[in-house]
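In the two complexes that follow, chain A is the common piece, with chain B as its partner first and chain C second.
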Partner chain A sequence: MRIKIDHTKCTGCKLCEVACSLQHTEAINPWRSRIRVFIGEDFCLPVIAGPYTEAACNAKGIVMVDGMEMDGCVVCRASCPVKTAFKEPDTGIPLKCDFCGEPPDPQCVRWCEADALTIVIED
Partner chain B sequence: MFGWKGKILRVDLSRGNCSVEDIAPDVRTDFIGGRGMGLKVLFDEVDPLIDPLGPQNKLIFSTGPLTGTGAPAGGRFIVVSKSPLSGAIANPCCGGYFGANLKFAGYDLLIIEGKSPEPVYLFIKNDLVEIRPAGNLWGKWTTETEKQIRSDMMAESDAWEINNTSIVTIGPAGENLVKFACIMADGGRAAGRSGLGAVMGSKNLKAIVATGTGDVTIADVDGFKNAVMEFLEEGRENKALEKRRMWGTWSLPGRANKTGTQAALNFKTGYSEEFTKYEDPAYIRDRIRVRDEACFGCPFACSKRSRIADPEYPGTTKGPEHESMALLGSNCGFGGLDDICRANYLCNELGMDTITAGATFSCAMELFEEGYLPEKDIGYPLKFGNTEAMFELMKKIALRRDFGNLLADGGKALAEKYNHPELFMGIKGMGMPAWHPQGFEVIGLQYATNNVGACHTKATLPFYEGRKDPAHGVEWTKQDQDYVAVVDCGVLCWIIYHGPLWGEKLLSWLGVTTGIDYTEKGLSLIGERIWNLERLFNLKAGLSAKDDCLPKRITDEPRVNNQVVHLDRMLPEYYRVRGWDEKGIPTPEKLEQLGLTKEGAGVR
Partner chain C sequence: MTTFAGKLLRINLSASTYGEEEIPDLYLRQFISARGLSARYLYAELKPKTDPLGPENKIIMSIGVLASTGLQGFSKWCVMSKSPLTGTIFRSIAGGNFGAWMKHAGYDLIIIEGRAPGASYIYLDKEGVHFLKADDLSGMDPRHLQRKLKERHGFHTESACIGMAGERLVRYAVITSGERTASRGGMGTVMGSKNLKAVSINVPVRGPVPFDGVRLKGLVRQQISILKDHPRRKKMSTIGTPYLSIGLNEAGILPVRNFQAGSIKGIQDISGEEFYKLKKGKAGCYQCMTRCGGMREVTRGPLSGKQIDGPEYETIYAFGPLLGITDKSFIIDANALCDYYGMDTISTGACVAFACELFEKGIISTSDTDGLELVWGNKNAIFPLIEKIGKREGLGRVLGEGVARAGEQIGEEAVIYSKHIKGLELAGYEPRGIKGYALSMASSNIGGSHMYGRPREELTGKVDPFSEEGKGPSIAQAQREQALEDSLIACTFGNSGLDLMMYSEFLTSATGVEEFGSTENLSRIGERIICIERCFNIREGFGRIDDSLPKRMFSEPLRNAGPSTGQVVKNIDKLLDEYYEALGYTCEGVPTAEKLKDLGIEELAKEITNDRRFLAN
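Let's look at the complex of A and B:
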């Protein structure tokens, strides 16, 4: 089971950030969410937090998304020493998606009206 | 405390001081936030008789307890001030992310007062509040300003921080005190009506930058989550909202035109041949849409980002919404989609209200065609449909150059100067929105009695289910005006929460979010209190019943459906339903009932 992101459907409403921070912290705060939405001019890009990595990249990468140049750090799922996203703002503790719910029922997917986030079940 | 942050950030630009104050608990409960709380501050602190473009005027950016919570379609903010266009109270509502980001930074309200000696912008990041020089930004168009600020931030912030920053800014129109200049936010949103861009310009304040990492909290987290889930489910079933999601307001120009109720040729008619192609909204969506663009926490994303193939306007912008299409398009005698997009783009970038800009142009065009306004004064043969002259003049308005200097004072001033005040289609100086009042008589009453002037977003339009019966028009107008005042306190979106559609949700959102036990009766009393306090501000500012009027064209010349609007019949009934005397002044009994006796002292 995994979460599939279709960024072409994302409207940038950030309800996934609201859902995630409410689920994990009982408060609303995008900076405490394990999913973040990058708002671009032509499209929005949801990114789900992956594992923490001790090392930071040596070079700044540029990634092409739909013909647009983007900062590689935005597309990267890792929480790392040089990036502000996916860290608790007060403590700096790294955040990672834990596929919340029991049985798994990630809140971000539940709250996504645009179907930019969907659950994919693989055998 | 839940929902609210409980803090006001006050910035005195004359002294260069910033301070933080607590919001008194009873003010929170009684005025909720947004439009109500902003009004309370303005009424208490600003003499209604002051010059709106003088340093004594204040500009209040006001969020509500729901802003930033993710309560669906509740991410908006209101700007409250005294309008330079109407001389009345101003409270335009704006979407995007700015309201939420101001809350995350820790503030419900931001009060700007005084006047900076030189151009500055305000930078807010949590507790860090700085007034920074803006000499290099002055003169820039709105998107360019925003991009420059974001690029300057790269020295101190990473991509995610910059992306979670909101910027409100004025364009050249605000700097040059154009009376219908707007405040633009987040790359294309507008606090559009009432000319508050000029108030910001008069303070030498080019932009406000807000970002924050704080929490917004909810009283009943489980209740909130369940309410959202329920709401999303209902939303999926709702056909009207499905249309909004798909088309935004693009389904309306064709519909209004088809029924002959669209502003056209300075309201001389309600129909434009060139608009028949918009009866299929896909015509618009297929040609210009880039993406659906949601406000913070809104699952409906009715706003559309758009682009046309034109090297002169390379970027994207928001809209054009229905109002802009009608006022800048059919009302000025043209209907080509690219031309409408150019006009909308220019207004957004120069920072002016598309509605009053359109009404001002259509007024100038009629004056010209009737021979009341000579070509040598304008510099162009400004016939209806002369888009080229219009685009040139838009830039001149923003810089107050040549004839643009006259247009910059708005259509009312223009029509008066050329001795035909009856040809400006506006109320209290503000241009009338797209729906022709002769199509739905009650709209005429709504426009005429609106505290801010001719604005369509402060009541419920009479073609929605549950509001169609004209027999109840006056009563509904009063009720919906009060109700929308509370919607504007949330700050919820008028489009989603107007009268018959989900009125009851307002109650549940406020309840689960703040933990305060609001009742329906209590809320309607709050709405009525706000409406009356705004009225008192206007009366003290020198407005009176004679300003509750409509252009003669609407009341005397049957232009649409062979009908005129009988305002003379509706207005006395409206005053009676409101508990006001025949001069439109709230009676002492009404004021006492609303707890406004002190505020109403001396008003007659």
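Let's look at the complex of A and C:
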């Protein structure tokens, strides 16, 4: 099971950040959310927190998404020493998506109005 | 724990100093936040007859108590100051992210006073306030300026800034934040007069900690599920405010050619659906799922090829029917041009319409307009005129003063064509065809604004819009509710389907203040806010005589306006009497001593009670 992101459908409302924060933290704070939406001049890009890495990578640079040049750091899912996203702001503890709910029912997917986030079940 | 920051930041530009102050608990209980709290501070701190463009005037930027709590559509921010356009107290509300950033910085209010010696901007971060020179930023348009400030101070920086019009003191300059503006009343002009190009904030996101977090989280869930399926919000989220143009045209209350008519042929070309076809993406405010803004491509002018957020209905009105135009791409281009210079689209459109009518009546000619043929609908003359206003050149110099002053400067024969209330150009609702709006705009403490109390029941057809009976109490209530909403700040578009009851639950769980649990008390808070705003205006010398409409509304029956054809405002005095009575004002429109006491502001407004001049009659 995975969450599929269709960034072309994302409207940038960031309701997923609120939904995630509702689920995981006592007060709502998007910086403590396990999903973040990065808004550029003509794109909205939801990124879901992935595994923690102890070291910063050396493959930083520009990546291409649908023909758009983007900062590799922005689209990366990892929580790493050089990035501020996907860490608890006060403690620096890394954050990672846990497919919340039992059985899994990720809140970000449930609240997404634009269908930019969908659940894909793979064998 | 509470979502009130309880602190304000006071910045003095003349001395380059700043300091924090506690906000007394009583103020928060009496005025909540944003518009209410700002009005309280401005009333207490501004001396009567202060020059709006002098260093003594103050700008108060404020953010609502429910901002950044996860509640949707509560993160707009408010600017309050004495307006250079009206000379009254003025509030203007803007969207974008800037307000939430103020909240994260830990302030309910930022009060800016004095005047910087040279072009400057303020940068606020964890270390405090930095006073920085802005010589290299002068003349820059808000879009580039914001990008530049992000490059300079980090991607996470949010700014509220002005464009060239603000620097050159066009009296209706805006403050821009992101794609959104605090449009009306020349709040950007006040900033320009202080040589302040921008206020930038870069602080970590810290959601305020509510009194009862568990309950508030439940309410957030509840709010989102209500909003998700609400038809009006869905319409806002897709078509946005442009949907209004068709309905208002049918009702005959869409002002055409400087209020000569109430409907226009070819409205289908500028309908909500037509604008929807041009929509390339969405734009909106912090923590709002509605994202009512639509990004559309500009084809002409300095932003040609770029996308802008807009136009909203009011812009469509001001650059469309008001000028006899039904060309959607022209409206987008004119919107972009105003964004570029940083001017209010409603006032700009109204000034151009005023010039066109003078041209039609032969009061001005091509020798006054630098050769521009200002005939209704002549897009090729109107576009350069907007540019002239932005740069304050030629005819733009006088039009940049707003229609009221421009009328006086041009001469007596021009005055009757200037459509304004207390100096503020009228918004896109024809007062003759909807009497509730006539009263709401006439009595408004900020002039001809469409957002000072919307006659919802008349707009939805539940009450006869032509009747002049019994409108006083309902408009008084609409204004109270609007004042309250502006003090939370609850966005009118993003909160469809919510009522006072719901707001009161939000407030109690966020702040823990039990008094907010009563909707009656919330209404009273709204009343207190409009009352203190009125006291401010009375101190400035405003009175019943200023609560009026442009003369045309009384004497000239509305033409070519479908069902509203032939309507005039027959008896404004009766409407006003009812309204004053509903709010406990004297027949001169002054709050009575008993009323001030009842609202608990007799001490604050003692100048009003002590001065017998105000209490005559």
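Please note the rule applied: the second predicted complex is superposed on the first by the 122 of 123 C-alpha atoms of A that agree within 3 Å, B and C clash if a C-alpha of one lies under 4 Å from a C-alpha of the other, contacts with A are read in each partner's own complex, and residues count from 1 in each chain.
Here is the rule we use: contacts are C-beta pairs under 8 Å (C-beta built on N, C-alpha and C of every residue); 3 or more make two chains touch, one makes a residue touch a chain.
The structure presented is a predicted model; accordingly, all values stated were derived computationally and were not measured.
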Query raised in the report: chain A superposed: clash or fit between chain B and chain C?
Result: clash
Query raised in the report: Once the shared chain is lined up, is A:Asp115 touching chain B (first), chain C (second), both, or neither of them?
Result: neither
**Report entry** Per-residue contact with chain A, leading partner among chain C and chain B
**Finding:** B
Requested in this report: Tell me which partner A:Ile28 touches in the superposition: chain B (first), chain C (second), both or neither.
Outcome: both
Query raised in the report: Is A:Val18 contacted by the first partner chain B, the second partner chain C, both or neither?
Result: both
Query raised in the report: Touch check for A:Asp98: first (chain B), second (chain C), both, or neither?
Result: neither
Report task. Pick one for A:Pro89: touches chain B only (first), chain C only (second), both, or neither. Result -> both
Query raised in the report: Looking at the overlay, does A:Arg36 come into contact with chain B only (first), chain C only (second), both, or neither?
Result: first
**Report entry** Partner chain(s) touched by A:Cys73 [first = chain B, second = chain C, both, neither]
**Finding:** first
**Report entry** chain C-contacting residues of chain A that also contact chain B
**Finding:** 11-15, 18, 22, 26-31, 42, 89, 111, 113
Query raised in the report: In their complex, what parts of chain A are in touch with chain C?
Result: 11-15, 18, 21-22, 26-31, 42, 89, 111, 113
**Report entry** Residue numbers on chain A that touch chain B, as the complex places them
**Finding:** 11-15, 18-19, 22, 25-32, 36, 38-39, 41-44, 71, 73-74, 82-85, 89, 110-111, 113-114
Requested in this report: State the interface residues of chain B toward chain A in the complex, per the touch definition above.
Outcome: 68-70, 72, 97, 100, 104, 157-161, 163-164, 187, 213-218, 221, 224-225, 228-229, 232, 235-236, 290-301, 305, 315-316
Query raised in the report: For chain C, which residues count as touching chain A in their complex?
Result: 68-70, 72, 204-210, 213, 217, 220-221, 224, 228, 281-284, 286-291, 307
